[in-house]
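A, B, C and D label the chains in the order they appear, each numbered from 1.
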Amino acid sequence: MTKVLDARGLNKSFGGVWALKDLSVDQAPGETLGMIGPNGSGKTTFINAVTGHLALDGGEVFLDGKTITGRKPHVIAQAGLIRTYQAVRVYAQLPVSENLRVAGLPHFRRLGFSDPLDGAEDLLVKLSLKEKTEAVAGSLTLFEQRRLELAMRLISRPKLIMLDEPVGGLNPGEIREMIQLLKGLRAECGLFVIEHTMKVIMELADRVVVLVSGEMIANGAPAAILQDANVIRQYLGAVRATSR
Amino acid sequence: MLSRDGKEAVLRSFLFTLMILGFAVLVLLLPSPAAAQAKGEPIKIGWISELSGTWSFFGNTGITAAQIAEEEINANGGVLGRPLQIIPMDNRTDPAQAASAARMLDTQNKVLALSGPTSSDTALAVYGYAEQNQVPFVVPVAAFPRLTRPGTQWTFRLEPDAVGWGYAIVKFVEKVKPGASIALIYSDFALQRAIVAGLKYQAERSGVSVVADIIFPQNATDATVQAAQVKSKNPDFVFVSGGGAFDVTITNQILDLGFKPEQIIHPFGAVKMILGWGPRSIGSYYGTFFDHSLGGLNDYAKGLITKFTQRKGYVPAYIENFCYATVYLIKEALEKAGAVDRTKFRDAMRNINTKEITTGIPMVFDKNGARKEFMYFLQMKEVGKETYKSQEAFYIEWNPEVIPVYQLAP
Amino acid sequence: MAYRRAALVGLVILALALPFLFSASRFYAFILGVTYLYILWSSGMNLLSGFTGLMPLMYAGLAGVGAYTTVNLVMKFGVSFWLAMPAGALAAALVGVVLGLPSLRLRGFYFTLSGLVIQTALTMLFVYIPQFTGGDTGISQIPPPLISLPGDRSFPLAGVWLEEALAVAALLTVYVVHRVTQSTLGKYLVAIREDDLLTEALGIGVTRYRVLAFFISSLFAGVGGAFYAHYVGFVSPRSFDVLTSLNIWLIVGFGGQGTILGPIVGAVILAPIPYLMQEFYLYKDIVYGSLIVFTTIFLPRGVYGSLLFHRRTRTSARGKSEAARS
Amino acid sequence: MTPEGMLLNGLAVITTGLIVGAIFSLVAAGVTIMYGTIWFPNASNGQFFILAALLMWSLVANWGLSPFLAAVVVIAGSIPFSLILEKFLVRPFYNVPNRNIVYFIMTLGLAQIFAGAFTCTYGRWSDQYSLPATWPGVIMLGPFPFPRTRLLVLLIALILLAGLFAFLRLHRIGRALRAVFQNREAAILRGVDVRRIYRFSFVLAMLIITTGGVLFALAYAFDLTMAWNMAIIAFAIMIVGGPGSVLGSVVIGMIFGFTQAAVSLFASPTLAAFSYLIVMLIILLVKPSGLFAR
């Protein structure tokens, strides 16, 4: 059956330095894919390239079997592939409801709804932002903003959300909550998660791709990855060292 | 929003800005000339001029001369037994502002007539309003021909038009050296374009050859290269006319390249320009319509020169004289009209046949309000810090349409 | 809401009535007309500078394009003002779209700077093509718009009636801008102003909407230019130089960026100053400059903007306290 | 054209290009330092430039000071002046988000204030200002007579530019400045006192701009319209050269100088005026960071 995401032989170099080197990643429907790797290994570059924020030097990207290679970001988002940012990004000056409205506006007709806020209620409840509906987004806590970010993606009923470090800056308690939240989403849409926190990857991902300087050095079940000597030498070793 | 320390610092910057303001106000508290005292309801003349902005110098020097005339007239019983009142109005050297100033004087101050602009663009703005709303408009200093284009009803101009100056310059060259060659180097202003149009037209007919024609953009800085170009053409005369300070820059750089002052002809010589050319330029020629070093000046002229020099510290030249003469012309026309009425005043101006108060040069206007034209050419003899001496080299009179001025500068 | 609608109706009636109330003095009527012009212009610019977050320093230049196009059509080709004006507006809008293209690449300050350059170039251009603009001596004796009646009679739309036309134009502009800001487009523009990357990522074609904003905003620049030319009766490159752009921006910023009433407040307070301050011409530039400095320092939100802001913060504070009590 | 004439024109172009370019470069360097470090796009730099020139005029033409003494006075005077400006108009905004726009608009206002003050003070005394030649006479370069004063100005300008380079490359504070140009955060991490660098670079920049004005007054007659021209030119050079790149401002400044000088040989000088605006726009679109940005 068709992959939800199928990226083939992606190449991208910045001034001769390979950010992505012949990288092929695919993701089955319903599967949650994790991506790990040291800083500057090209994880965010991968998201940027796939979601059209960055022009590729080579390679093709398919979403649900249809090509989205070289499309503009907003076209790709319309097609159902939508991303979040490493640093949380919401319209700080606007109230939560307006944030959702803007997020919904470009999609609701395509989805056959009558109102851009169709389904916003349930989302706010599910992400426990209900009582914050009228608050200005800038006044929310980081965790709340992270959740709002999710809501703004979910309202477009995407096929796949690419999350760039979704728990960045959260405390352990919040991280636990976030993981539960994301687990709850897996039924609705595909998740692609970049993380440094192994805990998140271990609990969330069905499969993990390890990136080092733009190349895939391992690809498999989280448990297996943890044992992979190559991965340990090139990446996890470093993580352990720092975490000690 | 600013952070708290930002805020209080901002308060300081507020005080600072106040300081600047206070300083500025102090600088600007210049004494305004007291309105002349005489019996009865004054006859109002709106004086729209460049009192601030790029050419504020000309506006201010001009209005000083006009106010001298105003005071003299009122000291001698005014006009028709009533005082004459000049209402100064700033146009910020901005035509649009001049147009609205005209509207204000017409509708608010209910002036009898408009006058005052010392540059063509502001004058044309007022011209448009005056002709449309039938307000008499006496132009002291503005040379663009369009101001007296055929069909003009309400506008009268004392200064000969710029295309005519070009004609006069060629006539002058023709006299000094028949068949001479001349190079043109000037800034791209409407005035200069008009002069050059007339100059080229007449040059063909007088056998004067134009060997170079170099136009500078209005914001040029340096003319050395162009001066060198001119040099390599080696003409008998160089016509030099830059905008603002660039005029002095061109002149100096032409001289640097080894031209003799005697080869340089400036189309016009306002006092600060002449002082700016400086001792190096002694021997060079400039066109003008009044100069304190002209021979046989009458008492009005002498009076103007002394009074003006007392007030401003420098001698008056043609701009100041035209503004002074304008006020006296308005007085004479009023006396001819016999009543404070716009149409009567306009007709009086049309039929006026008199002499310029200071120079005794004929003052007659054709059907378009263009004056019987004339021009002096003077040669610089000595230049001091605030004064100079020149000597008359050539004088010429001609009819406004001796050449097709309105086609040459539409 | 009801009292609000009443207030709006009142404002409209007032705007339409003022020309007659002022008609006693042509001078004050003229100032009123100019104020209407600036309401039109600043509301138009507000769509870009306020709602889209782009400061178009070439706005006066665009107004110039509109003005010169209209004037040439009317005076050279005898086209009726009412046909020439839309043409001029369209010309301005198209030029505006082209000159707005830098905004697709340049962020914030760099766009502002490019605007400054473009404005300078436009002003120079106006000087260097005298066959269309009359060069730096400008075009004078521009006739007032003609109203042609059945039976090929026609009378010039002058005096009070021209001010009425200006009032209508200003009101229409404000209304259109209001509608735009309420529409999806408006929401997108605000979103783009707040964070264009995020907006693009959410599936909104930022480029298209930026261009659209430029088109509409420049359209108003052109309309204003056309009316300016035929109302003042004179245009020259100096009528449309960078200072005019700054003036319009100052009105928007002073009144309140990104609010509907802000530009109106700003125009009503600032537009008459140069005419009423004639006697103090020496200080005019200094007062004007100081106003710019003050506005940027003390009213980053503008007069009306700050008013709104404080009201909003107060209500939201009350909201919080109630929430705390319950 | 005779070979003699060609040589004459060639030398004219070279000397003019050098002198105009050198003065442009100086002012642009000042502007670029301001923007590169403090993020302060000084739209009123033209007014400061002309202020220096006007003061020179007052001191030399009216008070009869010797040009050298006058120059020293004016340049020295710029230091306290700029310290005051820094304290009251620049520092308050150091921690305001996108302060560069705030600065830009504020300096536009400031420019307006100065312009107003000038037109109704100096503007009433004269429409143009020129100093007597500091060092009268010419030096013959082959057929080309080169005025001594301009030679002097050229030498001073070049020496100053060289000095500026040496300072930025070799001196401790100069290096700190460049560190801030390149990467503010990194500089902070490396323990550079950014506030101090800001203040210093503002004063330095003002000093350079003032010197530019002084030199211009020595070499040319000038009027108030020069202020706005200079502001635009300096911005143009900064943008094309790359904000914060002194090298860029000098290279581009020189190129501008030479185009302004040479263009009239093959086209009308009017084109020169347009050319740099167009170039600037293209650069803005293609490479907003400028040609010499690191």
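Keep this in mind: a contact is a pair of C-beta atoms (placed from the backbone, for glycine too) under 8 Å apart; a residue touches a chain by one contact, two chains touch by 3 or more.
Model, not experiment: these values are computed from the prediction.
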Point to revise | If a chain touches chain A and chain B alike, it appears here | key: C
Point to revise | Most contacted chain pair (by C-beta pair count) | key: B-D
Check your understanding: If every chain is reduced to the average of its C-alpha atoms, which one ends up farthest from chain D?
Key -> A
Check your understanding: At what distance in angstrom does the C-alpha mean of chain D lie from that of chain A?
Key -> 49
Study note, to complete from the structure: When centres are defined as mean Cα positions, the distance from chain A to chain C in whole Å is 43
Exercise for review: Mind checking the centre-to-centre distance between chain B and chain D? Centres are C-alpha means, answer in whole Å.
Suggested key: 34
Check your understanding: Roughly how many whole angstrom separate the Cα centroids of chain B and chain C?
Key -> 36
Review point. At which residue positions does chain B touch at least two other chains?
Key: 2, 10, 13, 17, 20, 24, 28, 30, 52, 188, 217-218
Practice item. Specify, in ascending order, the residues of chain D that touch 2 or more different other chains. Key: 92, 113, 116-117, 119-120, 270, 273
Point to revise | All touching chain pairs, where touch follows the definition stated at the start | key: A-C, B-C, B-D, C-D
Revision key, fill the gap. Contacts from chain C onto chain A in the complex sit at residues 184, 187-188, 190-191, 194-195, 197-206, 316, 319
Review point. Which chain B residues qualify as touching chain D in the complex?
Key: 2-3, 5-6, 9-10, 12-13, 15-17, 20, 24, 27-28, 30, 52-58, 60, 188, 214-222, 224-229, 231-232, 244-249, 252, 256-258, 270, 272-273, 276, 278
Practice item. Sort out for me which residues of chain D touch chain B in the complex. Key: 1-2, 4-5, 8-9, 11-13, 15-16, 19-20, 84, 87-89, 91-93, 95-96, 113, 116-117, 119-121, 123-130, 132, 138, 144-145, 147, 220-226, 229, 260-262, 264-265, 268-270, 272-273
**Study point:** Partner chain C, residues of chain A touching it in the complex
**Key:** 51, 53, 72-75, 77-78, 82-83, 85, 89-94, 98, 101-103, 105-107, 134, 136, 152, 156
**Study point:** Complex contact set, residues of chain B against chain C
**Key:** 1-2, 10, 13-14, 17, 20-21, 24-25, 28, 30, 51-52, 89-90, 92, 94-97, 99-101, 103-104, 106-108, 120-121, 124-125, 127-129, 131-132, 144, 146, 188-190, 193, 217-218
